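After the structure tokens below, expect a handful of questions from me.
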Amino acid sequence: MNDSQRVSILSEALPYIQSFSGRKIVIKYGGSVMEKDILKKAVFRDIALLASVGVRPIIVHGGGPEINNWLIKLKIKPKFERGLRVTDEKTMEIVEMVLMGRVNKQIVRGINETGATSIGLSGLDGNLIQARKLKSSTHGFVGDISKINSSILDPLIDKGYIPVISSIGSSNNGISLNINADYVAGEIAAAINAEKLILLTDTPGILKDLNNPKSLIRNLNLKQARKYIEENIISDGMKPKTECCIRAIAQGVKATHIIDGRIEHALLLEIFTDTGKGTMISA
Amino acid sequence: MNDSQRVSILSEALPYIQSFSGRKIVIKYGGSVMEKDILKKAVFRDIALLASVGVRPIIVHGGGPEINNWLIKLKIKPKFERGLRVTDEKTMEIVEMVLMGRVNKQIVRGINETGATSIGLSGLDGNLIQARKLKSSTHGFVGDISKINSSILDPLIDKGYIPVISSIGSSNNGISLNINADYVAGEIAAAINAEKLILLTDTPGILKDLNNPKSLIRNLNLKQARKYIEENIISDGMKPKTECCIRAIAQGVKATHIIDGRIEHALLLEIFTDTGKGTMISA
Amino acid sequence: MNDSQRVSILSEALPYIQSFSGRKIVIKYGGSVMEKDILKKAVFRDIALLASVGVRPIIVHGGGPEINNWLIKLKIKPKFERGLRVTDEKTMEIVEMVLMGRVNKQIVRGINETGATSIGLSGLDGNLIQARKLKSSTHGFVGDISKINSSILDPLIDKGYIPVISSIGSSNNGISLNINADYVAGEIAAAINAEKLILLTDTPGILKDLNNPKSLIRNLNLKQARKYIEENIISDGMKPKTECCIRAIAQGVKATHIIDGRIEHALLLEIFTDTGKGTMISA
Amino acid sequence: MNDSQRVSILSEALPYIQSFSGRKIVIKYGGSVMEKDILKKAVFRDIALLASVGVRPIIVHGGGPEINNWLIKLKIKPKFERGLRVTDEKTMEIVEMVLMGRVNKQIVRGINETGATSIGLSGLDGNLIQARKLKSSTHGFVGDISKINSSILDPLIDKGYIPVISSIGSSNNGISLNINADYVAGEIAAAINAEKLILLTDTPGILKDLNNPKSLIRNLNLKQARKYIEENIISDGMKPKTECCIRAIAQGVKATHIIDGRIEHALLLEIFTDTGKGTMISA
Amino acid sequence: MNDSQRVSILSEALPYIQSFSGRKIVIKYGGSVMEKDILKKAVFRDIALLASVGVRPIIVHGGGPEINNWLIKLKIKPKFERGLRVTDEKTMEIVEMVLMGRVNKQIVRGINETGATSIGLSGLDGNLIQARKLKSSTHGFVGDISKINSSILDPLIDKGYIPVISSIGSSNNGISLNINADYVAGEIAAAINAEKLILLTDTPGILKDLNNPKSLIRNLNLKQARKYIEENIISDGMKPKTECCIRAIAQGVKATHIIDGRIEHALLLEIFTDTGKGTMISA
Amino acid sequence: MNDSQRVSILSEALPYIQSFSGRKIVIKYGGSVMEKDILKKAVFRDIALLASVGVRPIIVHGGGPEINNWLIKLKIKPKFERGLRVTDEKTMEIVEMVLMGRVNKQIVRGINETGATSIGLSGLDGNLIQARKLKSSTHGFVGDISKINSSILDPLIDKGYIPVISSIGSSNNGISLNINADYVAGEIAAAINAEKLILLTDTPGILKDLNNPKSLIRNLNLKQARKYIEENIISDGMKPKTECCIRAIAQGVKATHIIDGRIEHALLLEIFTDTGKGTMISA
């Protein structure tokens, strides 16, 4: 392709750029995108591009397979119950180190290499995520969000830094709690009055029939989303993600998106083209 | 071309966007670009795109053929001497109305239609361009710049408005003077400490041999530019443009460009590709 | 008069200056004041004086006889219907050039010569006046205001610039529309929460009996004003002006004045003396 | 005089107002102006008028005859040596109360009654005037200025308050010292980079021949002023005032004026007319 | 005590400091604390310490015995009626001078000597306290507060200055009025939305039995306080103080304290220990 | 000890608090203080107290024995050469996780539990520490500081957050490097123009005779410090610490301190008592 064609395409992005200028977009970074180097680099560049055209991205991440790798290296067997990691004290030590000391910093380093500037945070920093332990006795150090204290984010966002947030919360009695990262992304989006919440996943979006990728649902409103959950059309791993979107919208986020992080430039496709990708849930 | 390819190309613009973010670029709008509707629309979109990605464009324009059209309608015969319009009082009335009341507002309207927001100014507004009459007795109300008073520009640029400036100056005794628009663009670029001055022309740039478009000079430094003028390699209409660039660079502008406005997206090609177009004169 | 007497008089202005300090006053500039040089100079000095003592004047103007002069020069016959100019495309071209390129700049230049600093604007600049075409098929490019977007005014007023606004609006589809200047003044006064709207006219104010200048009505409240219109005591040219005042007051402007611009220093007389001149309409 | 003439005169003040807008003027208030009610009221209105048109007046005062009145009431005999009050401890108690508790508050109340807003300060407040005791053993609690700490003044002046300052300084060991008010005015003018220092006195200005009021010297430059002191043409009470002006100018004050406070509106005459009154000493 | 013990104690103050950081506390300075040098020094240091750890103290004072001393020196017999000073014109002159020129400045000087920076104000300065004369014909120049105009306080407090306010108000017709200082403290606390109002007195607090210091009431809510007044348990001098606290709380002050100024560091004991001293009245 | 004595001691801290208000103090946290719970809690409270009285602490930490513990758990043998850890790729992974994911967050959590608010950072975040690999081939991922980019710190410090910084730097080619924490503390102190640099160590300070704790050197100037290094009086582990202090002072830090972190409240003793502890090196 020659330069003329390139700049023509650039030019076509104008209305998209104008409509998102200055808006906050919370991106849950997770799934394959964390593991494949080529996807990782592309997503960091996408985030940097968003920031460079005036969008204000905020990244939230969990730990994914990295945590299991390190548990195994340390001869601790990963255990799950009802989709949640059973997190005893020894496990929690690893969760903290891997999330805040390894995954978070890989993202920060990756974004910074693109020329943008990011800053790593966890729920402990500036008391960003206040949490309480789940009542369920079996999960150990796993928590629910009791309050997002977003005052640390504003001075950073205003100066153009991209916050990268690990899904670790801080309880009243000073212990760290492991929290589901989708949930963290949703609550932060609500707390900072974000325009959009985007969950990067390993699925094309919400499928009516899990075995048929062509059954992708492109748009859902709150009511439909709730109905599909009731009817078990949305189930398993997609259920908590959808609930997370519903809660975010109920608290004022304009639109939420469950998209396929395995597609290169999935973020840009969502924001800078009309078709978008995946499922959008909105009010 | 499909969406994936589109966003890939968008993504490649990242380093260019980052390197010009927040920089002021003065653009002399003139030549064919003012006459052909399709070029006009493209250049307005280009300016809007620059603004949307954080560049701060400032537009300067003259009147071109519009002035002659209206003079003829009013039965006044356009007259030129040594390349400058002979501007008697009746002519000056037309020059003012056409520049400030017609051409300026067409540009303002055109940019605003793209979704950006511009504001039309002349050298009278906020005393922006202070001028004195040329000593030459024959040219009438034609002037030289004595001072650029750029304090009106800062609050507008800071709020994201794109200034569009007519090349009319104001003399001490309260009369308006017609000033060469290239010259106005150069002096404003110097006064506001612009990163770049770009002159949109009807030539490919500076040619070593006017008859051979392949003789385009891509880069010139100050010394070379001065030498080429002395040796008459740069002459006629290109001479004042080059002198204008030389003066701007001498006053601190980082780079100046004489580019071909007849090429669609000439501005984006200059700023968002490596090759650029036309001639760059720098220190 | 000696210096002592002069400064005594200055001293008496203190309470008036204090009570208007920091207040915005919208002045519709029109009528004879636009034509007679001596009145023009006086009104520019009055505006500059207001600005120098901390009042914030905003000037709105139409085109008056200047437009007809130029139409005639270009062999276009001015046409009016029900008090409004029939504005076909060719006429509109002249209206734009004369208003924005000639009359506006004469005012700007005139104010700047007094030592104050003004800036010329039209409804296009910063999308200040959004308009829609009148439904009446016969008037052509004549419009109604749909929205005042005053965000361009604040940064200018805060820095001490005096805005001078041409009564041209911008429609959604990017065409310019000619709007009644009294109406523009009234809507801008409402949009910026002005203290006062002052209409400079060629009458002593509202007369009970048009043939008897002694029948001047000094004060009217909203209710009376509406009643006088119904009873046709206020009619013809005074009717739209009065309606304009009524609308401004209904939207929160404190007081509106219809005064005689033919009297030297009419503005100062209105603001800096107890008696005032002309008719005041207030809530 | 009718309203038209009044506003004409107002209008003539425009260039004076424009040239002093935003400038700081330090006024030493003293002499007859403190004693005669009619002069007092006029001077308060003058100060308020200056503030209302954008000038920033700062008032400095001593105690004058009030101090003697109260000393006598308390059976303390006022004593002077070489023009300076001999200030023993009991006297100093009275000086403080009369200056800071009576004269200062009378000025504050007087200015506030005009509609302006003033605030009374002494050298103790915000550590404004740091002083050291004169070495001369005989004068008691009389001091020299060692430092003006003007940081208390800026937030007040910026908010439009008129500071009224008693000439009492504070020494390192926490005792108050009586300081010559002319001297305080001069040093404050220098410290805040004032445009003008004006000393209100009971003389027409500096006279070449004390017995001949027609021998008034209208202008003096620094060199001449120093020469006249050497040659004893300037002597007695006028000598310290002149030295005070010389020091202020040497530290950057643009112009200093010794004027006749007994003339009504002396301040306005000085600032708003060409002729001025009294003697101007400038660089 | 050794250094280790000292810093341990310092360390224990942390939670108290954190909970009052940035809060405004109005302190009525009066009673013995004004007379005994050692108490005075301690209270000034306490105020400075509060300011140094981020609390924002505002001091209000009356005149106490100083006024009587000076009345007697001037052969004026102090007279009281129903607890209020009968203040004829001659008395008022002394009240003003002693309060604003002597007591106020002693406090300012005392605080400044500790290294903090204070500024003395009265109700006249910046029109801080607007008052009206009591209707009672017998008390003379004694007033009630009609309005607190606290806009002068904010710029000073924001810059870290400690305001010291004399209880003199200014009436509409420009005369000064003597106002009860407890009352001034209460109304200022309400006007600036203070966290606490603390009255320094010569009693241990509110006693159930005036003859039994062990009958100290530690806490009262609004209802109880009103009941005790009705039942005459709170009577005499304590009654107006209690009413003052009630009014302050009713207007939003969080807590009010009547404490024993005769105890060294009474302020610090109240704010930096759990037990506190004296009586707290809260909502 | 009773309350009166407590507040007396508090009161004595006033001059110390006043002299450090608003000053930045960089504290290298390390040694035993990291291991013993009681010392840890005390140091966190000390840091919170400093912040609560207006000092601006910035904490820098290394990893200490924690890193070795985790290396051993993962069967990697810690290796050192010339006092520096040999950091191969596997070791570096552990270093990063332990420093940024464990030690840093323990400090953040500890400070936040005291009621202050801290934020954890590493050299990657906001590109704070730019580093280059040591030329020595044997040390692996160990680096030198090439640039401190402190712009991330200002908005945080201004809002009252306490930065806690891990000594990990970021190289140009995007790899993390392990850096000596004393060195990081010194360079950050220099970059932010700190008042003081305090190194918490496991020694009483610099000893003339290592075997004699009574040989403590209390004060050293730059020249002496350099001489003692040359003469090998300062050697081994103390040598790099001293060099670090020398470099900080040479770049404008006012004073540096090597103190004994094993003493409870060592920080408060240094800042809030006259005697201080340990060795002070100053210009």
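As written, the chains take the letters A, B, C, D, E and F, and residue 1 is the first residue of each chain.
Basically, a contact is a pair of C-beta atoms (placed from the backbone, for glycine too) under 8 Å apart; a residue touches a chain by one contact, two chains touch by 3 or more.
This is a predicted model, so every value here is computed, not measured.
Undergrad: From chain C, how many touching-chain steps at minimum until you land on chain F?
TA: The fewest steps needed to get from chain C to chain F is 3.
Undergrad: Suppose you hop from chain B to any chain it touches, then on again the same way; how many hops at least until you reach chain F?
TA: 2
Undergrad: Look at all chain centres (mean of CA atoms) and spot the one farthest from the centre of chain C.
TA: Taking each chain's C-alpha mean as its centre, the farthest from chain C is F.
Undergrad: Once you find the CA centre of chain D and the CA centre of chain E, what distance in Å lies between them?
TA: It comes to 35 Å between the two C-alpha centres.
Undergrad: How far is the middle of chain A from the middle of chain B, if each middle is the mean of its Cα atoms, in Å?
TA: 45
Undergrad: Just the number, please: Cα centre separation of chain B and chain E in whole Å.
TA: Computed value for the inter-centroid distance: 68 Å.
Undergrad: Listing for chain A: what residues touch at least two other chains?
TA: Chain A, residues with two or more chain partners: not present.
Undergrad: Enumerate the contact residues on chain C facing chain D in the complex.
TA: 1, 3-15, 17-18, 21, 42, 45-46, 48-49, 52-54, 114-116, 263-265, 268-269, 272-273, 275
Undergrad: Under the definition above, what is the set of chain E residues touching chain D in their complex?
TA: Against chain D, chain E makes touches at 73-74, 93, 96-102, 104-105, 108-109, 112-113, 117-122, 124-127, 151-152, 155-156, 158-159, 161, 168, 170, 174, 176.
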